[in-house]
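Can you read through this structure? Questions will come right after.
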Amino acid sequence: MKMRKLFAVAALIAGSLVSAQSATAGDKIRIATEGAYAPFNMVDSNGELIGFDVEIAKALCAEMKADCEIVAQDWDGIIPGLRARKYDAIIASMSITEERLRVVDFSEKYYSNVLAYVTKDGSNIEVTKAGLKGKTVGAQRATIAGQFLEDNLGDVVDVKLYDTQDNAYLDLQAGRLDALLSDKFPAFDWLRTEEGAGYAFTGEDIDINDEIGIAVRKGDALSGKFSTAIKAIVADGTYAKINEKYFPFSIY
Amino acid sequence: MSWEWGVIWQYLPRLLEGAWLTLELVLVSGLIGIALAIPLALMRASDNYWVKALPFLYIYFFRGTPLLVQIFLVYYGASQFDIIRESILWPVLKEAYWCAIIAFSLNTAAYSAELFRSAIQAIPVGELEAAEAVGMNRSLQIRRIVLPRAFGIALPAYGNEVILMLKGSALASTITLLDLTGAARTISARSYTNMEMYLAAGVIYLAISALIIGLFRFMEYRFNRYQYYNHVDTPKDLDPQLRDPHIDR
Amino acid sequence: MDLQGFGHLLISGTWITIQLAIASLLVGLVFGLMGAAAKLSDNRIARWLATGYTTLVRGLPELLLVLAIYFGGAQILMWIAGWFGYDEFIEVGQFTAGVAALSIAFGAYATEVFRMAMLAIPKGQWEAGLACGMSKPRTFFRIILPQVWRLAIPGLGNLFQVLLKDTALVSVVGLNDIMRQSQVAISSTKEPFTFFMVAALIYLLLTAAATSFTMLMERMSNPAARGNRS
């Protein structure tokens, strides 16, 4: 155990030496993340950015032998900030959508998002159109989950839309919601917390073909470099190691 | 920026449904608010220190904190306690609709109580003395003189309070209700036509405001008719013996 | 009350709320003075614009105003900038959007307060100032404005209370004010009642402080009353 820790420290030092070198080469990449989307990006008690996105960002930088600086930026201003050159890339669990492609470029996906229903243990709700008929189902406003509910079940279920995901969890616990439709991976994280005990995923995952990529400014060659680096860390197993720290299944 | 006027027409039915809910929220909580405000105002106008203290604290709390905090306290706050979640109140508190009604009623009651109190205190002392002189007891005075007079005096200010309530009702959208603002937010989150939806919602709000202002002007004219009494219109062919020398100049 | 280590978060939120309120107050006062001057001016278009401004804003929910400026402000600014040939992206941050929405709302009500105060100054004072050989602007700044100020302070104090409470709405677009930070605390503690109650108490403290500040200003702006009231 001790040996491994030592090894990790050595690797870190080596890594910082490498990055110090490339800094002189002048290709410092500034990367923005949100810091409020556990377990993908969040802030720990020391104010450090941590999470899956952050670790992937670091692994990609190591792969590209680039010097990186990771900064926190609120979600609503994250694309404007990129365009204003406050930073060069966004690694913040951002879905590749047509709307966004009009203003930014994306790398290839670094994970795929699916939707899943969360219900109380033993509620025996069947998450089909017939099974959910007359039930109250919640989701966050302005998310893919919310849109999916409105499009596919809006006519038979009572859809409740929340300003934040946390408010939706509160109402699920309060018993105001029969089911919650959410991005699967953050919900997975919530289910492992104390509050999430007694709740579980129900039914099949919903694949809405939602790919998560790295956003860069339009026409920036960085998108290609990131795509190559993503393929490389997937191939050499670095990705799988980070993946299994967070989820017991592959999210690529 | 290109405006997409078409989406307004496309989603107008949903906006109007939202507007209907907004009206319903304002009306129901307005009525409950008045019912709560009257006893509060009477207590506030009392001379007894202890009778005054309770409504004072209530009014101080609800006027000194944001409505958003109050609505969150009722909606999310209530569910913190298992006692409430297992009580017979839960079926009511479970519904966002009733939580909004409760929060809005409590809020408007605090503001209206202050309006009514100052109206009660604005009634000329002579009128109460006159009521006493003709032998009315306290409760009859309140029923016949104090409340009707205070109502007339408070009416214009209460009209403003209703407008403020209309504006405050937009907060219902923060607890999942699809009122006018909620409908506009939900539609725009999806169609990416923020400005069009907010513009349409704004126009509907202004129309409702105009309606409320008009209604209160009309009521004021009816209830405070003595202020608008037009002396010149006194019929001239009235029996001379019945003529009031003060009116018929 | 057990804040479970979230006290510093609430304090930072309170600081944001105070900054937001004061910035909006200052900008809002400018809007209010401009509005009142326009309403009392001889120019029909200025009067018409000011009346439109106050009527519109006083009939619209503040929340709608916040949302419209936050989500649409950038669009509108870019649209206007586009006319002048400027094509870059313009960012409207949460704080800016918050200050814009709150000061526009404050200004509309302040317009009425200033207008009433200006009307309350007898016309003879204008005439006296001019008769002493002062120019019109100088009369305004030396004679009229100090008195308008005194008459307007109680009304403005009430409006500032409303403004303080309206800052809570900005949490809806994600500014880390008291409300937002309480929600952050709630998301880890799952104690909504406790933390919203704490938020409510902080707002009560702020509004109480604003009331005493208004009273102080009232005293300071009224030399005649300084000695009499304590």
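Here the chain labels run A, B and C in written order, and each chain numbers its own residues starting at 1.
Here, a residue touches a chain if its C-beta (ideal position, glycine included) is under 8 Å from a C-beta of that chain, and two chains touch if they have at least 3 such contacts.
Values in this document were obtained by computation on a predicted structure and should not be read as measured data.
Because contacts link each chain to all the remaining chains, their graph is best described as complete. Nearest to the overall CA centre, using the mean of each chain's CA atoms, is chain C. Looking at which of B-C and A-B shares more C-beta pairs in contact, the answer is the pair B-C. We define each chain's centre as the mean of its Cα atoms; on that basis chain A and chain C are separated by 39 Å.
Chain C has its Cα centroid 24 Å from the Cα centroid of chain B. Chain A and chain B have centres, each the mean of its CA atoms, that are 45 Å apart.
Among all residues of chain A, those that touch two or more other chains are 163, 167, 170, 173. Contact with two or more other chains is made by residues 76, 79, 174, 185 of chain B. Residues of chain C found to touch two or more other chains are 172, 186, 190, 192. By the touch rule above, chain B contacts chain C in their complex via residues 1, 60-61, 64-70, 72-73, 76-81, 163, 166-171, 173-174, 181, 184-185, 188, 194-195, 198-199, 201-202, 205-206, 209-210. In the complex of the two chains, the chain A residues touching chain C come out as 74-77, 80-81, 83-84, 103, 163-164, 166-167, 169-170, 173, 195. For chain B in complex with chain A, the residues that touch the partner chain are 76, 79, 85, 90, 94, 96, 174, 176, 185-186, 189-190, 192.
Of all the residues in chain A, the ones that touch chain B in their complex are 99, 138, 141-142, 146-147, 150, 160-163, 167, 170-171, 173-176.
Here chain C touches chain B in the complex through residues 55-56, 58-64, 67-68, 71-72, 75-76, 78-79, 82, 161, 165-169, 171-172, 179, 186, 190-194, 196-197, 199-200, 203-204, 207-208, going by the rule given at the top.
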